[in-house]
Amino acid sequence: MLKDVQNEKDERNIPLKHVGIKNLSYPIIVLDKKNKIQHTVANINMFVDLPRDFRGTHMSRFVEIINDFHFKIEPKTIKQILDKLKESLNAQSAKIEITFPYFLKKEAPVTKIKSFLEYKCGFKAYDNDNKYDFYLIIEVPIQTLCPCSKEISKYNAHNQRAKVLMEIKTYDLIWFEELIEIAESSASSPLYTLLKRPDEKFVTEESYENPKFVEDVSRDIALKLKDDKRIKWFKVEVESFESIHSHNAYACVDSSVLEV
Amino acid sequence: MLKDVQNEKDERNIPLKHVGIKNLSYPIIVLDKKNKIQHTVANINMFVDLPRDFRGTHMSRFVEIINDFHFKIEPKTIKQILDKLKESLNAQSAKIEITFPYFLKKEAPVTKIKSFLEYKCGFKAYDNDNKYDFYLIIEVPIQTLCPCSKEISKYNAHNQRAKVLMEIKTYDLIWFEELIEIAESSASSPLYTLLKRPDEKFVTEESYENPKFVEDVSRDIALKLKDDKRIKWFKVEVESFESIHSHNAYACVDSSVLEV
Amino acid sequence: MLKDVQNEKDERNIPLKHVGIKNLSYPIIVLDKKNKIQHTVANINMFVDLPRDFRGTHMSRFVEIINDFHFKIEPKTIKQILDKLKESLNAQSAKIEITFPYFLKKEAPVTKIKSFLEYKCGFKAYDNDNKYDFYLIIEVPIQTLCPCSKEISKYNAHNQRAKVLMEIKTYDLIWFEELIEIAESSASSPLYTLLKRPDEKFVTEESYENPKFVEDVSRDIALKLKDDKRIKWFKVEVESFESIHSHNAYACVDSSVLEV
Amino acid sequence: MLKDVQNEKDERNIPLKHVGIKNLSYPIIVLDKKNKIQHTVANINMFVDLPRDFRGTHMSRFVEIINDFHFKIEPKTIKQILDKLKESLNAQSAKIEITFPYFLKKEAPVTKIKSFLEYKCGFKAYDNDNKYDFYLIIEVPIQTLCPCSKEISKYNAHNQRAKVLMEIKTYDLIWFEELIEIAESSASSPLYTLLKRPDEKFVTEESYENPKFVEDVSRDIALKLKDDKRIKWFKVEVESFESIHSHNAYACVDSSVLEV
């Protein structure tokens, strides 16, 4: 019988907030609104708390629990994974963070040709003494076109790739597809993987007709999220890779600011 | 006179928590305990809040303020930068995050040959309605040797490169050199850039005599920080690049957990 | 009819070696030796040459060609993709680079518990004036244990996570599974995602009994590849994240060196 | 006396092309055309060949040699470093790759306000049996504005941040400042860290008057490099972070293509 060193009594009297595994790459299956399921590859972090009197946690059990769920990762299994983590590791709290590429087939705006665009999606959940919090995470690539540059210039306006990061604490199921629609409709223009010339003309003109600072995009998204009864809390970050600078412009709003 | 679009009145009634610039790379000079100053290259994020009735912030002023300080970045100038940000941008709150490589000349344990080792250091500071918080940030590379692997195996124990991340909220000046000493003395062994054979023998044996889980390292550091009167709050994270896995082991403790 | 600017005559008299798209993220299906297929997410670069008298290439066609193959990416479709690229873009040469995470279910060495481990795999192919070259690319994570540290120390030896990068120019089908077996059997020990205590004991002792420099690993792999008649050329790189340093140790061998 | 395991006779009969250290972060001093010197932080790779009959190289000597040069890294010391590597490690060939952030103070185009912009610079050098090759490496961030988008759209044109990568094999000293001037003057517009409104107007209009595909930028740079007698060989890569796509456009030319 091999000694269980992790189980030794610890005398330092220091409880740990999180112990666990980080940066585990694993194949998973997620829900897809249109096609039911989508295969993808997740990056997984999983933690529990460690009471003051135990020396270490048992890292292998984290992976065993993921295996038990047969790689099906969805909002309802996330809760079960946290329950199992707490049970299996005698913990009071558990936390999981999972992110993965998620693809939607999008139509080009004029020619309607289809191609896939990647969104970086994920879930984050805590169970802290049976208080359960669940978050959707999503990164949506968009275009922003600068309203100031448009206003002050004879012609043209600087525009650039940008990204929207949303963290949504929910009571209820929300599809990534809904959040993508909110982010893209708040941008100067959505991005596309495949555009023919008539599409490129459309996108170029459309973004000029919808100039947006990162401040504008974050506010327009906040306006759409703030009255959604399924949402408990949200944070929206917009970061644009300015085409005139080598650094980025950034705006952030969260719903707690709105309540003040 | 070019129109100031950012200054337009905004009707959306959404105040923004942070607006500003991210990922600015800039040459700076920092304090060095032994050599007085050290030249390095910073990654800088700077933000202010944006009240509900203004459309945008003025991104160029963030860079102007950094220029005004002639690249000397130290705890006392950080406070002045936040004051200037608030004043220049009519903001209630301001935030800055600066990280940079910082080098110490270290002696090998036996031969005493010297070489430089990189630590990723930084400052984080907020001024929120004149409530000022200042943090030191540091990442220290270390070695951990697994106590379980040592205990259960006939010989050898798996060991690996790991990193300690510390965030320290202080009332007072603390040198990075002090935090490095705390992190390295809590590891199975410090790392070195240059080791000759007698040094390699020493480090190999030393780490075997000091087996540490990531849990142990985080607790041993917490023990050293928790009674330091200069420290208001701290967080310690330890992440090890396990030599038997492709994912990492992780432990985290913060001082608020200790007070419970 | 929208003008085709790319098709304009170019007077600069400068032919371009590669024009195309980089860093396209796309869902694909690859062959799996055991399970027939595996769903994954690819990072894709695709290029053609551009003759001196054309101003630009047509970037949208690269994506259309990937779509035409319905995401099935395997050695035989790679050749067809290059043919289509050349035809569709009137090019003399074409190049494609595709990398993707690929997972194998591995058994722990003692308990035989199964878990997935990620290998970064890929294909690289050129068609240059109908001269066709096809490469398999793979990155295998392993453990190395230092023979010098073992020899000179009373006990223990520093060990660490390392990675093997292989590029294999082939005449014929070779499975990633074969290359993984070669890399892992040349290491001090393979890595595993899930190890129970008896497995951890085994791996710790096994690696101590198989001390290997990065030089040893690269040579042992080269020995196994050099007599394989299916292989036209190979390069093997081994990089170890030294547990006693903050920098890495590196060794590289290619088959052309062996012929001298 | 500790045994020198690396020095053991190797029976596998496999010479290694490169053995050495990778990803060493080190403080260095480089030449600055205007200010004589500039302090920065380098990422360093250093290799030698390993003959078939030696088991390993001596990794510590690589760092000792860098230390011997007191961190002054310039074209003439690079040659000396390679000589010392070969001598100290009994090698036939040696290779070094050094990259570092390098800053220039630039004036905004209208207001002439100054700010620093980062360029990623470096040196690469080989000594292979006393045949010496020296390369300058530089990455210059620029803006590209799409000529097709401009031509086909009623107004506006999509534009974006892009990067130029140049590798220049020289007989003679060339300043990074000269290469930066060539890259920036070949772009739709250079980038700046600090622009006031009149500058932003200038840059927006300027880039619209200079629409460039990545193909155009690479050709215009090649035109400027190809008649420079100091240059033995060059490669120019241009990659733009398309503001309408989530993937990048890419063009590459090297001087060997021009000679055909």
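Each chain gets a letter, A, B, C and D, in the order it is written, and its residues are counted from 1.
Here is the rule we use: a residue touches a chain if its C-beta (ideal position, glycine included) is under 8 Å from a C-beta of that chain, and two chains touch if they have at least 3 such contacts.
Bear in mind the structure is a predicted one, so any value in this text is a computation, not a measurement.
Between subunit A and subunit D, the least number of touch steps comes to 1. When every chain is reduced to the mean of its CA atoms, the largest separation from subunit C belongs to B.
Rounded to a whole number, the gap between the C-alpha centres of subunit A and subunit C is 29 angstrom.
Note on chain placement: the centre of subunit C and the centre of subunit D lie 25 Å apart, centres being C-alpha means. Centre-to-centre, using mean CA coordinates, subunit B is 35 Å away from subunit C.
Residues of subunit B found to touch two or more other chains are 2, 24-25, 118, 148, 152, 193, 195, 197, 201, 246-247. The touch graph of the protein chains shown is complete. Subunit D makes touch with subunit C in their complex at residues 2-3, 5-6, 10, 12, 14-25, 45, 47, 50, 55-57, 59, 147-148, 151-152, 213-216, 218-220, 222-223, 239, 246-254, 257-258, 260.
Across the complex, subunit A meets subunit C through its residues 2, 4, 24-27, 38-41, 60, 63-64, 67, 101, 103, 113-116, 118, 193-198, 201.
Interface residues of subunit C, counted against subunit B in their complex, comprise 117-118, 141, 143, 145-146, 148-149, 152-161, 189, 191-193, 195, 197, 200-201, 203-205, 207-208, 241-247.
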